[in-house]
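Following this line, the structures themselves.
Shared between the two complexes below is chain A, which pairs with chain B and chain C, respectively.
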Partner chain A sequence: MSAPAHQIKRGVSLYSFQEEYFLRTMSVEDCIRVAGEIGATGIELIPEQMIPGFPHVSDEFLADWSAWMEKYGTTPVATDLFLDTKLHPDRWLSQEEQVASVCRDVDIAVRLGATVVRAIINTPPEVMEEAAPYAEEQGVRLLLEVHAPFHYGHPWILEHLEVMYRTGSPALGLMPDMGTYVERFPRVVSERALRDGAKPELVDYIVKTYDDHGDTHALTDVVNYRGGGPVDFGLARQATHYIWSEPKAMLEHMPLIGHVQAKFYEMTLDEATGAEVEYSIPYDRIVPVFVEGGFDGYLSSEYEGNRHIQDAFPVDSVEQVRRQHAMFARLLGETTGEDA
Partner chain B sequence: MGPLDDQVVRADSLTATADGLDIAVYSHWYRALPLPSLARVDLTVDGRRIDPAELSVTVNGTRHPFSGLAEAGDEYWFTTDPLVLHVPVETAPGREHRVQLLLGLSIPYILTGPDRVPLVAPSATDKTLTAAGART
Partner chain C sequence: MFDRYIVCEEGFRALDDGRTGGVVEVRMPYYRGLTLSMVEAVDLVLDGRPVPPARTTFTVHGRTYRFDQLPHTTDDRWEMGERAQLAFETDEPLTPGEHEVAVAVRLRISYMPVPGGGRDTKRLTLAA
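Let's turn to the complex of A and B:
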């Protein structure tokens, strides 16, 4: 198999290794090292997660960071910002404070050498607009994460698109999260619910409704009518938070797309071809959309399956990310032969 | 609440000091949180419920009264650093204590419901541990 010419690159968000990092079995350096070994060249970081002393980035950390990048053949690509609108228990963060928070995080990205900042989905459009000139001046793009259950026709995203197209700011854009392309309900999630005591018939009902792309709006009500408990209710609520939409909808906005959060829950082998695939998210149909649209940024791994299996199974995030990258390499035409 | 709760209070978390028991507590959330996020500390030591007003908390080398955390929004509790709860209970090196802790972290960017209330991510601990002597 050979993919058409493209400039798409492979990256890893170190968030993918949160389990190992949390358990102190992997340090920040280990995360970068394994990303490099997997063949990823771009590193995405959550500063709050991995920079001791956040929001201050010490010279010492910065020296280590640069040395690791050089040693492992990687480049800082993106940082992820959060907007703590309810930072203070007694009041909402003012718009001025929200903009200041975004600008602070732009400064952190600049210090780390990243040129992309993920603006979390709750960032208001007016905050993006007000922060854009500063980001532009600093040479950074603020990309709104398009995260499930949002999609390109949702009013919240439309408000953001209005700002992006009206201002034409080169500093503003989109960062699609591939959790918006969950075609099949992640089985790691439904199996966890069963282990937690969910009723098998309700789990089947929820999974089937989701997989048939049926109406999930009233799922939580139906679960209540059927005598479901908190675990069943939680699973139904989860089903309303995953979405499937047509990946080609991204083509219209491709010039705005600067980075991709390649969310995934479970790598598995395709029964027919033996190739690495994601159980829920059909990357085989998503990656070609980025190729067709001329996307030239990073597909940045975001493994999130750990939280669904950690109660019963050992978590091996490194192996999961390695397998996802084997899939990317195949879909990007980097490999020939056995798994193509 | 989940398996990572086990990491919140660890085998070496208790220290006997001159003014009581220090309990080192680790976050169960994946990013550093501003200090007002330490919204709920329901602590029971040896069966005695500790009023949060009796607690003080050391984070990043600074000791705060528990009520002062709400004002410390510029400071963060880092993911891999413990904070220390200073608990006014009598102890000594080598003494065992049963520590029950329901820790509720208020997540300031995940708002729920019509009142825009931050999600509270809980963890629950119930361990009997031995206090070490304070390092001098």
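Let's turn to the complex of A and C:
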């Protein structure tokens, strides 16, 4: 299968290796090394995750960081910022402080050599607007993550789009999280609920409602009427937090899309073709939308299955990311010589 | 997401400064580090008995804090996966052998409408 010409590149968010980094079985260098080995060229980093001493980034870390990029054939692409509006227990962060926090994180991205910053979904549109000129000056794009349960018609996203289209700032844009395209309920999540003691008939009900793209608004209530407990409620809540919408809705906003967080929960083999696919997220129908829209940034792996299997199975995030990249290589028409 | 890793299997020990009590090493159930002002609680229940926060202290990378200091500590962090030392005082010396150690971490995560954190209970052995 060959894809039309495109400039889409493959990347990895080191978020993918959170299990291994947390347990210190992989270092930051290990994460970058395996990303390079997998064939990714772009690295996305959460500074607050992997730079001890944040927000201070030492010259020593920077020297290592550059050396690792050189050694493993990778490039820093994106960093992810958080906005701690509840930093203080007794008061909300003022707008001025919020803008200062964003600008601080723009500076960190610049130091790390990344040109894209993920603005977390809770970043208010007015803060994006006020920080945009600084980001532009620093040569960085500030991209609002469009994370589940949000979509391009949601009022919160519309408020952001209003700022982006009105100001026309080249520094503002969108970073879609592919967790917004969960077509089928992640099996790793429902199976975990069963191991945690959820009632099988309620799990079936929740999964079926989701998979039928039914009305999930009152799922938690219905689960309560049917005698559910905390684990069942948790699963029902999850079902209201995942969403599926038509990926082609991104086409309208494609010029704003500068980076993609390629969220995934479980790589599996397609029963008919034997190809690598994601269990819940139909990348075979998503990647062509990016090709069609002329997207030229990175598909950046975001493995998030670890938390759902760690109670019962060994977590191998590297293998999961490797398999996702085999899928990307296939969908992007690459001939890597690997098992793509 | 990392609840099961909160209480570390290693490092459980008695205080060695003459006071009665002990130290348990704990990790934050979150995927990034957090400024200490957003660590709302690290509550300890030892062998079924809650230890008042006022009888515990919290140490990250060699710096020790009382829990009433944390809300206003914005210049230090509990890093992702970092083993913090939760020191606690007890009325009686800890007995060697198994103890049930339950820790509940409460975090203030700005993008979440409900408290973050998690809890973990393990049986740890105090060496004789």
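By our rule, the second predicted complex is superposed on the first by the 335 of 340 C-alpha atoms of A that agree within 3 Å, B and C clash if a C-alpha of one lies under 4 Å from a C-alpha of the other, contacts with A are read in each partner's own complex, and residues count from 1 in each chain.
Quick note on the criterion: a residue touches a chain if its C-beta (ideal position, glycine included) is under 8 Å from a C-beta of that chain, and two chains touch if they have at least 3 such contacts.
Please read all numbers here as calculations on a predicted model, not as lab measurements.
Q: Sharing chain A, do chain B and chain C clash or fit in the superposition?
A: They clash: once the shared chain is superposed, the two partners overlap in space.
Q: Please indicate which partner A:Leu256 is in contact with in the superposed arrangement: first for chain B, second for chain C, both, or neither.
A: After superposition on chain A, A:Leu256 lies in contact with neither partner.
Q: Does chain B (first) or chain C (second) touch A:Leu331, or do both, or does neither?
A: After superposing on A, A:Leu331 lies clear of both chain B and chain C.
Q: Which residues form the common part of the chain A surface touched by chain B and by chain C?
A: 15, 18, 21-24, 46, 48-50, 52-54, 82-90, 120, 122, 307, 310-311
Q: Which residues, counting only chain A, touch chain B once they are in their complex?
A: Residues in contact with chain B: 15, 18, 21-24, 46, 48-50, 52-55, 82-90, 92, 120, 122, 307, 310-311.
Q: Show which residues of chain A lie in contact with chain C when the two form their complex.
A: Touch residues, chain A against chain C: 15, 18, 21-24, 46, 48-50, 52-54, 82-90, 120-122, 306-307, 310-311.
Q: For chain B, which residues count as touching chain A in their complex?
A: Going through chain B, the ones touching chain A are 2-4, 7, 30-34, 36, 39, 60, 70, 73, 76, 78-81, 106, 108-109, 111, 116, 118.
Q: Please give the residue numbers of chain C that touch chain A in the complex, ascending.
A: Interface residues on the chain C side: 1-2, 4-5, 27, 31-35, 37-38, 40, 71, 74, 77, 79-82, 108-111.
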